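Below, chain A partners chain B and then partners chain C, in two separate complexes.
The block that comes next holds the complex of A and B.
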């Protein structure tokens, strides 16, 4: 019974990772940078949500989404745009770029501690909080349902933006070959700004939901982003389904192993899982079907 | 890349030296004050500065030289510290505990170095961050062993300073720092230093000249582990207690900052940076820890973007002294490849067929030119011969000097190179962190058939490079970069040469020098594969010309004959002239 309950809890946690992973995958597709700062944005957004108790939840969510876009652009300016053109190596191999995003995540974490302390904080829920019984003593909170719904929504929205819209075509062109895209009249820098603005909105949304459902603390900055990026590595960043399934696998692993063997075993299990995937299937479980030429 | 004239470069080098002298003097003065006149508080902070600098300098072996970003360095230090404390309590032997600390640090660093061969920068970053999390979780999980948040105290020590013996503690730290600095300098001023810089700057280049990249990485990681483990074990004895809060993310950011600000391949730099980053806030006192972390993290970003070499980089110098490890290459004892052939080689990338049943043999003492339009598979063929890509079907045959048939089952790039397979690239590949002399001298580390200092000097003179030795390679003009690459090939004494458009971008005079070298290599009995668009050059030097179209060989013979055959004339065109 406890296993089943931890499975249900794991779906909620996995949905959170999947959402952050979707955001990270989105940025990865456009800028080829895995941005660790995403964890910092999510947590800070969640902390702001938790501290604005006076506002009606719906109004708070709308305000956060409005602030999200400029916040995303700011992160872009600091973590990637500034470094662009200065590095001599392709960005995906440039460790300096990774270090910058890790440093930014650390700075955002520090800001969280400075402003809000290290307590776990919750925000009032947009939907009424309740616990539903699934029978046999297994319960699910409306928050978990909300998270799963958000994943479905985020997945469909990402899919639509990336695969079905003209904007997505331009974004993908930039991702595949920035120079050619530039020569074809796509404004590469505008696309990157746009991607980060969308990222900011998505992160602030995730932060708000996380604050409602599981609570947020600056302690979790790296926990969240590492879990999400683990999901991205496991599922692969080529297709929308990658970070979603990957995030769920990471969340389920963490929840189920944690229930049986404790947090340490769970962390080791996640790391082991990711190492196996990286060494056996470096492009993840769902690689792009049209394999790309190399070189 | 901006064009910089000689005077500017000289000035820049001189400025750097002056700047360095000032920094060194200030650091020495600070320590003199600390040892002879400072207050207890001043000395205690300076001790922390000193140990942090020692750990940063040790870490520069991995982060600076190999360019491996290990985001679990705080865990490496933490594991060493806990390994020491737990062992010292359990066995009572300090010496044994120091050894355990070293083994702990070595184990993690060697694992990360081994993984770095298989993972991209981001993947390695992600995995190491997670390793750090695993470590911190372990500290709070196995509290019986680690003492939880109160940590471990009361272990036996070599150095039992009272709280007032801050001068003795400072001198101890200074000893550790000087020892670490000298060892790092010694290790990196010889062959292993050249190879590490080459790997850090251009891993692929290092492989092509015959470096076993994984081996060098692991060796350097082990050395880093020894230095980190022993420095940590001594610091822990000075602190007399091990608590988990010491080894969190702030420590990682602090060490990164010290190295990035000071210069990743520098020794004095991190010491000076440690004074600023660790010392100044300590002496001011009362600054909120979170605020400091934010400032430090933002400062890391600024430094990475604006001054990636740090504020106090070491001047470029030749790494030719006192090679401590991997003293010499044993290449002269290895069997030599003298000829190479492709047998029905097929290579596809997705649905694109890059090579289709290509069969060509390259014999000793002959120059074989490969021509064809862009995308016809010339470079792909070179890469297959070179062992960079394994053919999808067909095989690469090797001919050995002693006539023995010796199939290399896994023909890796660096192994082929060590048996005398040389390669030059369309765009010359040079290690930016090495001097011109060391860039040429790299040949002696991998290819190296009897490459010694006298032959190095001879080669530099032959290629007219002696006037460029003081310049950083990043400011060399294209022609000179090409000469550095070809001089390296020359010194390597390779018997099979794969040259990818060596004449591209050269002036007519420079092409004459190239022709001279090609004919000399031919007379020496080398098998030369010349991918080239310059048909004049091909006509002058090539014994055979192979024409490729769409991944297939469509003609073999003398260029003039091929051109006379009507159906090939269109394919070849006239090529570029000069």
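The block that comes next holds the complex of A and C.
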């Protein structure tokens, strides 16, 4: 019973990592930078959601999604855009970009402490919270179901935007070769703003869901992004399915091992898994087929 | 002889004049350098986490300290001198504690109130002992330093917790706590308490204090058949445990936790876990619910009333701990003297020091609070989110309330 319950618990945790991983993979594909600020944006959005107890949950979610776009643009202006104007060589930009996003994540964490304190906070659920029995003493919450649904929704939306829309093609073109894209008539700077606006919307959505289901505190900023990063390494960031499967594997590992051996053992197991994947399949379990054929 | 006398007369007047001038100059110098006499304020230090992990507890405790200091100053101070509180925020980072305490000591404080946790207070033990300045902290573990004193309730409170679990039909007492010294300390106080209540100890699980999910651990409690769980740790870890119990359908069980976890923020976030989460609280926090015949009432009511009349938000345990800390320092300054040495001597003198939370006695015999501090001064209550008020669930003397 305990093992089955741990698996069900792990699905919920893994879905959260998958959602954050989707956001991180989105910006990674477009800007080629692993943006650690994603964890900070998610947590800050969650804290705002948890502190809006006077608003109906559905209205709160809509407002957050509306605020998400300009928030994402602001992150772009503070981090990548600012660096673009200052980097002398591309190599410097890559390293500097990552470091700036780490600094930004720390700053967002500090802002969270300043505005909301260090307490764990929960938001009122859009879908009324309930615990459902699966028989044999196993339970699943509506929150876990909501997280899984959010992963499916986020995955389909990301796939559509990146793979099937004109915007996605332009974003990928800029990502692959900005100069060629510019010569082809793509507005490179506009695409970057759009990418970050979409990232903001996705992060604010994840933040609201996280605040409803697992609660948020500024302490979570790096825990969330590290879990999602593990998932991204395991699944790979080339395809939408990568961070989803990777996140679920990380969540399930954490839940099952933690139940038997504690949090420390679970972290060691996750790191071991990441190490094995890096040795056996450096581009993750779901690498881009086109890249493999060419490379 | 006459000449000598005359000279002596002239020399005497000049000498007296010179002495007076010197005396006035010295007095002025003494006053200017913050000496112990005259109307200069008596400096008391306060060191708390006002942000970070312990920020909520630290902020609430400091509110109580300030209330106590303002109260004594409003009544004219101590011997005509005001008490000046110098506050330092260590931001939940223990690496800052010693340097901030040294700043307070350099400013000439006669006592330090805080920090709010054992792990932060223990860092200061050598510093305070070396400076010979007493520290009145909120440490849950017995303080080890010669100049370290704690206002946290210990063993008697856990006796009440075990009795409460027994009264609710529990067949064992399970517990979860932050791994390390804190968890070991919890076992040391829970085991004898459970034995007194004739209740065997059940599953015990240490956890990482920074863990954001404790569902695996709570799943283990569920599969082991735990019906009464004592949760150590912070308000945030309590929330994680309580929410996991809701998710796993353990809403008919009993969850108990320590008094300091009943912060305003924790109560605000309990949600569906509120009906089965019980806080052991000092009776002053639930003064309105205590029966008229309760002997604690005479001591707790004046403070509870004045807090309410001040228009402040609902009194919390940490407010009460802070106020009690301030009352201890004020009584030591009044009864012992206005220096660090006098405060220390008074605290170690073996005198009873009444506060609205407990009557303390830091003498060598007691080395802490009085042994009868548990049942007489604490009650178990749960928070009703709808009415935003506590409901008494167990006061140790009567049959438990329904629920």
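Of note:
FYI, the second predicted complex is superposed on the first by the 283 of 295 C-alpha atoms of A that agree within 3 Å, B and C clash if a C-alpha of one lies under 4 Å from a C-alpha of the other, contacts with A are read in each partner's own complex, and residues count from 1 in each chain.
To be clear about the criterion, contacts are C-beta pairs under 8 Å (C-beta built on N, C-alpha and C of every residue); 3 or more make two chains touch, one makes a residue touch a chain.
Nothing here was measured: the structure is a model prediction, and the numbers come from that model.
Applying the stated contact rule after C-alpha superposition, one finds that A:259 touches chain C and leaves chain B untouched. Which of chain B and chain C touches more residues of chain A: that partner is B. Look at A:139: by the touch rule set out above, it reaches chain C but stays clear of chain B. By the touch criterion defined above, A:57 reaches neither chain B nor chain C. Within the superposed three-chain model, A:287 lies out of touch with both chain B and chain C [touch as defined at top]. Of the two partner chains, chain B and chain C are each touched by A:113.
When both complexes are overlaid on chain A, the residue A:168 reaches neither chain B nor chain C. Shared-chain residue A:155: touches no atom of chain B or chain C.
Once the two complexes are laid over each other on the shared chain, residue contacts for A:223 go to chain B and to chain C alike. When the two complexes are laid over each other on chain A, chain A has residues 113-114, 223, 262-264 in contact with both chain B and chain C. Residues 67-69, 71, 115, 118-127, 129-131, 133-134, 137-138, 141-142, 249, 253, 256, 260, 288, 290-291, 293-294, 297-298, 300-301, 304-305, 308, 349-350, 352, 380, 383, 432 of chain B touch chain A in their complex. Those residues of chain A whose C-beta lies close enough to touch chain B in the complex are 34, 36, 78-79, 82-83, 86, 88, 92-100, 102-104, 106-107, 109-111, 113-114, 222-223, 226, 229-230, 233, 262-264, 267-268, 270-271, 274-275, 278-279, 282, 290-295.
Within the complex, the chain C residues that touch chain A are 51-56, 59, 92, 206-208, 210-213, 215-217, 219-220, 222-223, 235-236, 239-240, 243, 246-249, 263, 265-266, 269, 271-272. Taken in their complex, chain A has these residues touching chain C: 1-2, 5-6, 9, 13, 50, 113-114, 117-122, 129, 131, 133, 137, 139, 141, 143-144, 214-215, 217, 219-220, 223, 254-256, 258-259, 262-264.
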